[in-house]
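Note that chain A is present in both complexes that follow, paired respectively with chain B and with chain C.
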Partner chain A sequence: MWDAFGFEFVNFYLIPGLVLGCIYALGAIGITLTFGILRFANFAHGEVMMSGAYIAWTIMALVGAAGIALHPLVALPFAAIFVIGLFLLCDRWFYKPFRKADTIKIVIASFGVMLIIRSAVQALWGPNQITFVPGIARPNAWLQSVTGDAGMMILMPNKHLWIFAGTILLVVALSYLLNRTRTGKAMRAVSDSPDLAHVTGINVETVIKATWIVGGICATAAGVFLVMDTQTLETTMGFRMLLPMFAAAILGGIGKPYGAVFGGLVIGLAEELSAYPWIGDTPLLSPGYKTGVAFAIMVVMLIVRPQGLFKGRSF
Partner chain B sequence: MTQPVLSLNHLNAGYGQTEILHDLSLHVMPNEIVAIIGPNGAGKSTAMKSVLGLLNIREGSVELNGENITDTPAQKVIERGISYVPQTNNVFVNLSVQENLEMGAWTRPNGIEDRLQEMYELFPDLAEKRTQAAGSLSGGQRQMVAMAKALMVDAKILLLDEPTAGLSPKYRGEIFSTIQKIKGTGVPILIVEQNAKQALGVSDRGYVLVDGANRHEGTGQGLANDPEIARMFLGGGH
Partner chain C sequence: MEAYLGYFLYLLSLLTVGGIYAIFALGLNVQWGFAGLFNAGIVGFVAVGAYVYALLTTAESTFHIGGFGLPLPVGMAIAMAMAALIAGLIGLVCIRLRSDYLAIATIGIAEIIKLIFKNETDITNGPRGINKIPRAWEHFSEERFYSSAPMSWIATPEQWVAFFDSLPNWYWQPLFAGTILLVVFIIYKMLERARTSPWGRMMTAIRENEPASRAAGKDVTKRRIEAFVIGAAIMGLGGALFAQHLRLIEPTNTFDPSKVTFLVWVMLIAGGSGNNRGAILGAFLIWTIWSASELLIAGMIDVISAVFSTLDPSILATRAGFLRMMLIGILMQVILQRYPGGILPEVRPASPKAEKTVAGATGETK
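This part shows the complex of A and B:
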């Protein structure tokens, strides 16, 4: 059973699907929080994520030049500080002036920010993709031997273990923030009803700053994890991630962070599993159509259940 | 003579260019329940929102304990001790009862725990529902949450916008008796009500608003027994 298809299914489809799902989930958290609290679809989210990854690898290159090999996860917090700064500046310059205007204006502004950031990254680092000497990502030997002895060998490189661990850590931290801290509860309150938050005396601008900070940390992690996984830095990676991340946010329900995590995992799994040879020996869907899967799920959700699985806001 | 806690003096105000209030004056004295009644569209809720800096005041002034607070933004008004319960959407439906109260205490620097206990004593129904989402409660209980939330700060005055709208008669009575209990804690209350008869019944004084101006004023009992007012507003099934 395991040898017949379990091994292949788990190691080549399920685990990569979950890894991709983690990355989508972290990106979708920021999108859904922004949507819930600031009430707009932030098209620049993918680009901010991408610039965070560039910064992380630049930090690693700079430190590496001094002879210290830095793990991406060590560079991540520093890149996150940069990303948070970028989010806050974007808010101050491009989003705050439109806070009381029609939503479409702020959405268009975010579209502009998306183009500005991508062009800036291309100007600074060049338009070509940067590939790292991949080396072979060896599966974690301990995990391989333990599961192998149990008759269900799992091949997972360390980077995937790091991505899982990082995602779980961030989601647990997020859940603590939203349910246990004053600022987190206020974030949920503003997401619930900005008008009521206003007449309750909640400082909405503080809550908005907190939203950018949380979104920034998750976006940087998503960007860094994606590059850890693909070993490639590309200026278009943010934009490519945007559609599945929106699909994840919509699937989970707009304004629902746990929904976004769940949606991200579902979209990631659906994309990878769509290429599994469910019928016969050929992939069900050619891997080239993977991105279409996220799009299809998003369209179906918007028609059938626009409030998402976790009863988010519908428009 | 004692100073009013809240006074609106010759107010001309509205949204954007539309003027809704015309030369409106009213005041609330310490330890007093004051009702604003009147037909639909008379500007009752608008009068209340003018206190919170939510609309455009063209002439006149709003004073809190003699201090001018005209055009002060909502957040500052609340920090100064005016608590407001809107008519609809007055609780955070996805937050638990306790979290709603904590949010109400946003501008309160300390003593939140003690205040929570006081609120659970004032609203015993809420104590057992503290971990439930406010959205899962009945209309009457939500109204209780909204009032408790507004009282989490040391309110100098409580503004209630149609607290019994859409509630069953049983809950209406409960809300009005709670309002009297709140008065007993020393917080004056300004209340806007469709439900004129019951509102005047618990009020010390009342104002009748017609077309954005005060038409009549008097004691709660006096207005409730006034035949002209009875004919105008109290006759219907409100």
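This part shows the complex of A and C:
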């Protein structure tokens, strides 16, 4: 079972797929919550995520100039504060005026916000790639030796371990929030039926704020994890991530955070595994089409089962 | 005189590109303004039109498939037909999706189309793109055109060379701009006819109240697919003209969604969705702002780099280019919030019967 193929499969396809899946999952949580509670597809989500990664890089560079090498995960909470602020400002300026209007207006507005944020980042930091953390990531030596002794060697750099740990932590915290706290329950209530929630005395505006805050934290984490994984910062990464994240949200069912996590993992795995040589020696799908897999899954889901796997909302 | 020539050519290029965008905006107006279909994948149809035109009309090449050297109008017609065909296939499966789902799906499809153009290197030359695309009117001065029929019937190649040498090298610019404006005018006339026809009124009814028009026995799905296909065909034609204007197309930067899809949306919203004149006005207006802001920002950079001599003007120049996009984005937000109808809001065509009764009730003669 665990031969050269298994080694290759797990280390070069399965683990990168799971890492990518974690990143998509975190991004999709924000999208699915906004879609469920505010009822619109937020096209600006990817760009906000990207700006969070840029802020984290700037914090690291500033602290680094003072001679302290900061781990990206330390910079993450500070970047998250900024991203939450950005989300709330966008909501106040661009989304709130359309709260009672047609959904489509707010979608167009978010389309505009996407471009505004991206061009602002491009103007401030320049359009070129920036190296996030230089150097080659070595596999974790301890994990390598332990699993190597057991006969199935796993090569995992520390960054991937951090990404897994961070994702699990955030998802556990999210499930605590949604199931145990008053705000979380109110969020779920508004997502299920805004009118009923309003009648029971839930302050919808507070819930919307909470949504942006939760979405902001997850989006920043997704952005920082993505640049930790690829080690480069690009201004186009927000748009590149946007469609896979939508795909994950739709796959899991709109308004279902756990569905989004599951959907993210499926999309991430599907993208990576589509390049695995399942039949013969050549990749099943040319790696150039890897990003197309998510779009294809999404389009098929929209047509076949628009409510998603977990019976989310379908409009 | 020389200075005026420069202004004249700048005006012509504004009209050329503005006209191409007006064609895109008219196409989007059929989909969004008439039928209420949120197509966020304009760039996909534009790319199909541009690539089909480029492959059919370029001279034979080793870099990409064919280079079939077909006459230009044939290339444009097939480009239009291909865009329509692809839109038809997409429409069959996606048209029943709700507005923002349709937006997500069309963005995804546009990205898949671009991915195919990027990865099928044997057919499209991949990221390196296709160059030497013949441009209408300018192509007459290329050897393969004047040395073959029908141009060779009129005069010998030597005579043609002498003739083109006697013309100024910008001779094709007014002709090309004129052709594009003519195309805009023809499409406008046809769409105005469609809008005031029963078909156009039915589209409005479907957009405003789908259950009611369904109850009235209208085939909503079919009408929507029609609008989607017609809009996409117009975009494909625009794409063919876009390829002519650029003469070099490649999948990533030429067909940047923010510079095609988004700009066209801003144009239509600014001009007034549902109004064909508004679409044309918005296209020329936004393109002029876009184009003029480049000059404005260039002027600002001169001032800034004169004041702060420590800043590198070349870095400023590359970054300031992005401020234009931001400006357009903010402009769109302002229009959306303050003037939701656009500059020229939609005017509903009254049905001929209704006009008569009004005239009769007030005792006026029409």
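Quick note on the criterion: the second predicted complex is superposed on the first by the 312 of 315 C-alpha atoms of A that agree within 3 Å, B and C clash if a C-alpha of one lies under 4 Å from a C-alpha of the other, contacts with A are read in each partner's own complex, and residues count from 1 in each chain.
Note that in this section a residue touches a chain if its C-beta (ideal position, glycine included) is under 8 Å from a C-beta of that chain, and two chains touch if they have at least 3 such contacts.
Owing to the predicted nature of the structure, the values given are computational and were not obtained by experimental measurement.
In this superposed model built on chain A, chain B and chain C occupy separate space and fit side by side.
With both structures placed on the common chain, the touch criterion links A:Gly64 to neither chain B nor chain C. When the shared chain is aligned, no partner comes close enough to touch A:Gly151: not chain B, not chain C. Set against each other, chain B and chain C differ in how many residues of chain A they touch, and the higher count belongs to C. Taking the Cα centre of chain A as vertex, the centres of chain B and chain C in the superposed model span 90°, given to the nearest 10. When the shared chain is aligned, chain C comes close enough to touch A:Ser119, but chain B does not.
In the superposed model, A:Pro277 lies in contact with neither chain B nor chain C. When the two complexes are overlaid on their common chain A, residue A:Asn203 makes contact with chain B while staying clear of chain C. In the superposition on chain A, A:Gly85 makes contact with neither chain B nor chain C.
In the superposition on chain A, A:Ala109 contacts chain C only, with no contact to chain B.
For the pair chain B and chain C, the model built by superposing on chain A gives 18 Å as the shortest CA-CA distance.
No residue of chain A lies at the contact with chain B in one complex and also at the contact with chain C in the other. For chain A in complex with chain C, the touching residues are 40-41, 43, 93-94, 97-98, 103-105, 107-109, 111-113, 115-116, 118-120, 122-124, 126-127, 239, 243, 246-247, 250, 286, 288-289, 291-292, 295-296, 298-299, 302-303, 306, 315. Residues 52, 54, 74-75, 78-79, 84, 86, 89-95, 99, 102-104, 106-107, 149, 153 of chain B touch chain A in their complex. Partner chain B is touched in their complex by these residues of chain A: 182, 185-186, 188-189, 191-193, 195-203. By the touch criterion stated above, chain C contacts chain A in their complex at residues 38, 40, 93-94, 97-101, 103-105, 107-109, 111-112, 115, 118-119, 257-258, 262, 265-266, 269, 315, 318-320, 322-326, 328-330, 332-333, 336-337, 340.
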